[in-house]
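Both of the next two complexes hold chain A, though its partner changes from chain B to chain C.
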Partner chain A sequence: MHGRIKVRTTEEEKARKEKERQEKLKVFKHAMQKILYKRKQGEQDDEQLEITGKVLSSNPDIYTLWNIRREILILFSKTKNEEEMSKIYDTELNLTEYCLKINPKSYCSWHQREWVLTSRPNPDWKKELELCNTYLKYDERNFHTWDYRRFVVSQFKPPLQEEFDFTTEKLYDNFSNYSAWHYRSKMLVELYPDVKGGRPIQDNHHKHELKMVQSAAFTDPDDTSAWFYQRWLLGAVKVTIQLVSYTVTPLKTTLAWSRKVSNNYINSNVNIYFNNQLVEGKWIPCTGLEYDDLWIFEHNQEVSDNMDIKVEHGVGDEKQIINSEKYQPCTYVGKNKIFFKNQYSQPVIEELNEQLDSCRQLLALEPDNKWTLLTTTFFLYCIDANLYHKEIMVNLETLKDLDSQRAGYYSDLISKWSIEQQLPQDYNSNSLEYKISFSQKITSLPHLNYYSYCQVVDLSNQALTSRILPTLTKLQHCKVLNLSSNKINTLDGFPDIDLEELHLEDNIELDKMEVEVFKHKHKFMKIYF
Partner chain B sequence: MDDDLPTDFQVIVVGTGLVESIVAAACSRIRKNVLHLDSRDHYGGLWASHNFEGLQKFIKEITTDPSRQLQVYNLIEKWYIPKESQEVKQEGEDGKTEDGKEAKKVWSQADFASEYRKFNIDMTPKLLFARGPLVELLISSNIARYAEFRCVTRVLTWMSDKLMPVPCSRADVFATEAVSIVEKRMLMKMLTSIVGYNEEEMDNEFKDWTDKTFQEYLTHKGLTPNLIHYVLYAIAGGTNAMPCLEGVRECKKFLMSLGRYGNTPFLWPMYGSGELPQCFCRLCAVFGGVYCLNRPIDTVENKTVDDKKVVVIESKSKTLTCDHLVLGINEGPKDLLSQEHSDSSDISRAVFITNGTIMSSEKEPLTLLRFPPLNEDNNATTVLEVGPATGSCPKGLFVVYFITNKVVDAETDLMPYAQKIFDMSGGEQTEASDKPKCLWSLFYNVKDTSATVRDGVEGVHVCAGPDAGLDFDRAVHQAEEIFKKICPGEEFLPRAPDPEEIVFEDDVTHGPEFQGEQEDADGDKE
Partner chain C sequence: MSFKTKDVTLSDDRPKTLLLQKHSDYLAGYGLNKDDYEFCMTEYLRMSGIYWSLTAMELMDQSSRMPKDDIISFISSCQDNESGGISASNGHDPHMLYTLSAVQVLAMYDRLDAIDVEGVVRYVSSLQQEDGSFFGDMWGEVDTRFSFCAVMCLSLLQRLDAIDVNKAVDFVLSCMNFDGGFGSKPGSESHAGLIYCCVGTLSICKRMDALKAAELAWWLCERQLPSGGLNGRPEKLPDLCYSWWVMSSLSMLNRIHWVDKKNLEQYILACQDAETGGFSDRPGDITDPFHTLFGLAGLSLLGNTSIKRVNPTYCMPQETIDRLNLEPQILQI
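Presenting the complex of A and B:
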């Protein structure tokens, strides 16, 4: 009938689409064949550029073709003049831009673009930054674009303030944006380091960021990006490397550090004196890794009774001398004053206290909110772990119930923070024994390097599993180790340490056969099972 | 021309208001033979947008011949600027003030008249919820291609005697400094819980609240007065008396529309709401509907022709017949309809033209402002401010609409609200002031009526006029109801095909082989 509108049915439409698809496939196969043939023949010419360009326009992710193009461009750059090359590079940029429109997350298109810009003379960085702006407008979370932006900024060097403000703008659009928070953290320490105070961020900015991220976290507590940034901010404190203790016996000399240090660091910042004589020697990391928090010092000096042993540690003029005490005949231990408190500035502490107040108010309204409780707990820990220890422990126990999927994480926190409470007391006594002195059963063994001087380590009646075994390598001076009544189910991973006695009783999942084999291997060790 | 008009139709629609136009489009779309008439020379009836000259014509008609437009009354137009511009001191300077900013233009009535075409002033300003029924209908029917929209950029409210932005989206709540951190959490929690309720959960959660107010519920939930204000007055658009369940539903509707197009849940049609009926008329015409403006009808009656009951219409001494007559409330012969009119549901409206926005912002704002009632007798008042970017007025001006349910009359009801946000003094336009100057105002009342057809006349469907609500939901709903009565069992506005989906008869026979290659070659050049 005249004038009647006829519309394709879905079946017809499907058939038409399928036909189109087949056509496309045919063209694609033909083009790919030709490209590979030409490459085999070594034909690196304009035609090859044209065909690869066409195929890439609809399939930007065939990285082989980008590689072929780069080969050709490199070849061209040797023969063609600057003007010609400039045109070719422009075309290449246009092609990548076209491909990125099709797939804004195409790794190889972004990479090709980066390559062109680093290869060509006088790249237009400003234009590239604008390109980033455009793509981040389309998708503010495209990490490819953020990555590329970092590259452009590293070359173009625009005022960092502008970059910082850009993250502010993007976060106000949508704060569920790991990339933006991350980039912000990088800008923050670049722009506002507290050089005088030795802190990573100036007080007022640290405060401002804490405020901003709390606002995000309380707007949507289920969005994890804000919490991660908050955790980073809480950890952005002055870092000091401390020699926490050292042990010298005729058998072995070890030094324990508050954080992992390198061989280089020790070599240039540590001096060991026996009876005021500088001792030369070699440093071996306890775990064998490049950075370690427990180093073994190999030297040829004899260690006899009633020696005067001291260690000097410090960077530059700030030297500290740690004297040792004789704990047993021929056994010397030097202990430093230790602390686990984050060193915040007073204004930041005030801000943290304010935020703690808000958290407590919220907690009164919704006592079962996991994020509120966890944040409250972190604030308590960061403000004064000592003072709030009891409350922190109660909160973590509650969190285990509220958020049972992460119960193990909370148990590990309990272990760590309880041990941090016990450690300073142990460092005030002259005992060579380590025994857990609190009621919670530990599930992990943090800070074990601090106890490297101990000869008797009683870890019985805890909730330790076999995953802690490799850590035991920190017990370099241990003679008697008690692991009875734990949850050890295999001895796989047990480190090579010279024990006299090992207690493994009441680990019900531990296989008898395995213990026999272990006994066989460690003939000089008394093993109780 | 009149002689060319066919006389037999399946459906005749009289009036080009939104409801009538949707029905016309829906009938035409499923191949009904449709004639669409309007007694006036423009589309839209009371749903229309007028330029300034058209608006003056409308005002003149009401003041000189009230019987022509029975729905509108209490109309008062006022000028706050001189008739002619006093161009003495302005000339000579280069139009800039000392601080380099462009000087505020001094407007005269003559300027309005000469720029009349740049105005599009709505008789029925309304917003579309981004996920509301009209947006969904425009998309599903593919009529959206005839329309353009702008996002409302902000929602404001009147709190503690000043204008305050309402944090309504996640991004707003994050950015605002007006509420404390604890309030942020409370607000987000309330909003997300409301969005989360399905009907069943809602019945459950609110079973004890059926006879209580929304305000009582929010108070019970521990929200601070601050937050209650945002949720009750600005998001739900309610009053203290708003029933709890209604409040929850209004909130949910608001929240569900967030995050689709902009930072607020609302869209505003470019060039005014009067564009919308025309979009539907265009679809109707594309599918063969016949249009005739300036064509009032005189009588309507039933007759039986060939054993079939038909509606017979006399119009300009021509007899038209149809199976169904769809009639705008303002278009029918007076004796045909019995209006069910109650004074309480009338609408008070006001339009202001000002020389600046009520609250400055970086980019040109498009604002929804929700006033809580200023005193106990009043109703909540809705304010819409639109600027030049919407095609509503020339650069430098804003058009501001006020809507509320009538209590006394439009001016008495709305003037107190206007005075809060405008400088109504008529003083120097250039003088610095924290409020924009009102240059022109118009107050009027509109009846919100439905009507039934006189007993004994069948096949006639009456469409109500515009309502006081913020959205178009009632109109869409009514149009669908009428369509279902006319065409039971038929699909309501199925998707209209795009041009490229249409198959032409000669499409089947392919041209000679070389043409195909020719096309490919052309494609390559691009």
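Presenting the complex of A and C:
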């Protein structure tokens, strides 16, 4: 029951209302009985249409009654002439229209309308589109109406540009129309894809949309609709699959990816060479799932000291060779050049810089507006995450207070962006150790597969909870793992990895008994608690 | 005109503690009077009503107050021999929605033997279309809700092999939007209820990797309003059932900590009716079994230990899901 306010009434009024309801109920029950009886008897006639129509007029969600009507209409269409049928279909449309007035969110009524229009010859799609326009004037956010509009458009096929313009019109009426932003996003990528550059949207349109969002957002920063659209625009860049690193030891060979890939993808796009000999083997996803960002390569080749190991990755003609280096005897690591920067075109970057300036000005006037600060921060990140890193971190800390309901989100964002900051540096060194060293404590472990090559992983003195435990399965080559001084409260979900040492000291909520049981299960692991 | 966020305020006289006994009494009494107007008018969704009430009772460990034998024989009587599908009630037609509700109820009772399981499998798989989508029944309505019903139903029956799972996943993914969310069909606007259905489908099919997880989770946590309640789309009023649709999705995405749990708990508790028992969509509205389930299930996700653990994918007690050896995917982060 949605949106029905409980009202206090006198006993007398209550009794009167109850009596009224009982009478209504009697009529309803009688009608339903009659309908079901007639159906059983196979009486598919005008009378049945009339009774079901009456009941539906006040209860449009009784789906079976619509089914009964459709059965009758199908039967009629076989015997009645075109003119008669046309009238019957019109009556049916009127009924659905009436029902939609009672309940504009009645799935059944909308579906019946679709059914009628696809069943009858020569439907008047133009009229239907106008009906959508009218309904959207009553309620511009009714998603049923929007869905119906898309259905009509798919049949009527007006030029897409007209629909795009319709969203422009709707948005200039009221920027707070998320449904219109949504519809616009669909058409934007269809109308203006950047086919040549491989980006989702052509530069000039990308720029134009950013401008439009800005005028919406600045009209009222607390209206959230446009902000989601903006976030999407900022992320609408070309994405590629990158082999970020691989590790070969006598025990295990693993490959880490920038995105989750399938067995199929690796099989067709990756070749591994030991001393210039192609190695055959089997691919196992580290998490056991179909798509993974860390794959284990099982092969029968011996891994000895002083080998030449390289991996070739590429789709079609774009092949890349990633050479490895020997980090330790018989331990080879190949690292790619990694980056987390979104690749924008020059005009879009210029636009972002301009908007950053406006945001900063607005922020000076209203320093406590969450949306302005969040947007400023995202602009900074998108324009140059490296250059602005400090400012970004300060802003996110402020946002944790300003928008405390979502403090968990900002904390995770701080973790992610800090890790992205550190990763390229770590990829330039040839150490097998990973140590987190930021001023803020991290709360999550994104990109952990990038550190799959590490043998010593120090995650101590952070704010990690047991939530992150399953992801530690990415540490396939780790021997020493330090999780001391975190917020681990259970070991439930700890993955099956071959550690030599595990540090769990100073996780104050962790139960001693549980650790004992864990120790018992992992006899070859030195566990410190 | 200045913009104003749509929200409600929680007045101080609203309940602040969990009134379990009241809710149990409310659900035990619901439908006892067969001439109750509200009860009769909702006959067309009776099977789901039973699922809402029974699951709520199970979560409160009070299911012994439900008429088990009557429920089981009612369900058996609602199965259509020909198609194998199950209807909302006697005299109504079989439909995917009620087929799922029936299977969920029987799974909780561990009485799947009460129906023709092969019939259900035949019915559900017959509704899959070439593009991977599912009809709700023979009349051709397509909706991602039905995709979720299909995979949930078949997984409870250990018969996911009866459909083309890859195609089912591809269809759901074709409904993904710019904000990372999902709607009811390709092109439809994101809506928290349908996001739950689509994320749930991917969780059961173990394809959570295909989500734009960070974008989606951000959109979901932005559903929380100053009152603590959650809405289902931007610029809409809060509604208790979104405590379930949003929080279950965030649970599957492993990001439940992106909302303010304390705040949300206050909102959920304020939606209780201290007189009649049960929960409503907003504080002060009329209660119903639907919102009562989602209020309790929401509190369970928030870690309330006086309620049994609920599984975020199935919206059923975790112990049932464990008994059936089901392991829906939770995203690792």
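In the analysis below, the second predicted complex is superposed on the first by the 447 of 529 C-alpha atoms of A that agree within 3 Å, B and C clash if a C-alpha of one lies under 4 Å from a C-alpha of the other, contacts with A are read in each partner's own complex, and residues count from 1 in each chain.
As a working rule, contacts are C-beta pairs under 8 Å (C-beta built on N, C-alpha and C of every residue); 3 or more make two chains touch, one makes a residue touch a chain.
Keep in mind it's a predicted model, so treat the numbers as computed, not measured.
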Task: May I ask you to decide whether A:Asp220 touches chain B, chain C, both, or neither, giving the answer as first, second, both or neither?
output: both
- prompt: Should A:Asn133 be classified as contacting the first partner (chain B), the second (chain C), both, or neither?
  reply: neither
Message: Just to be sure I read the superposition right, which of the two partners does A:Tyr409 touch: chain B = first, chain C = second, or both, or neither?
response: second
Message: Touch test for A:Ser57: chain B only (first), chain C only (second), both, or neither?
response: neither
Field: Touched partner set for A:Asn430, first chain B, second chain C, both or neither
entry: neither
Message: Looking at A:Ser358, would you say it contacts chain B, chain C, both, or neither? Reply first, second, both or neither.
response: first
Task: Have a look and say if chain B or chain C is in touch with more residues of chain A.
output: C
Query: On chain A, what residues does chain B touch that chain C touches as well?
result: 3, 5-6, 220
- line: chain A partner, complex, touching residues on chain C are 2-3, 5, 35, 37, 40-41, 44-45, 87-88, 91-93, 95, 137, 139-141, 143, 177-179, 183-185, 187-191, 206-207, 209-210, 215, 217-219, 221-222, 224, 226, 228, 233-236, 239, 254-255, 257-260, 263, 273, 280-282, 284-288, 290-291, 329, 332-333
Query: Once bound in the complex, which stretches of chain A touch chain B?
result: 3, 5-8, 172-175, 214-216, 218-221, 355, 358, 361-362, 365-366, 372
Field: Complex contacts: residues of chain A adjacent to chain C
entry: 1-6, 21-22, 24-25, 28-29, 32, 36, 59, 61-64, 66-67, 70, 107, 111, 115, 141, 143, 146-147, 150, 176, 178-179, 182-183, 185-186, 220, 222-225, 228-229, 231-232, 235, 260, 287, 289-292, 404-409, 412, 444-446, 465, 467-468, 470-471, 473
- prompt: Where on chain B does chain A make contact in their complex?
  reply: 170-171, 173-175, 180-182, 184-186, 188-189, 222, 287-288, 497, 501-505
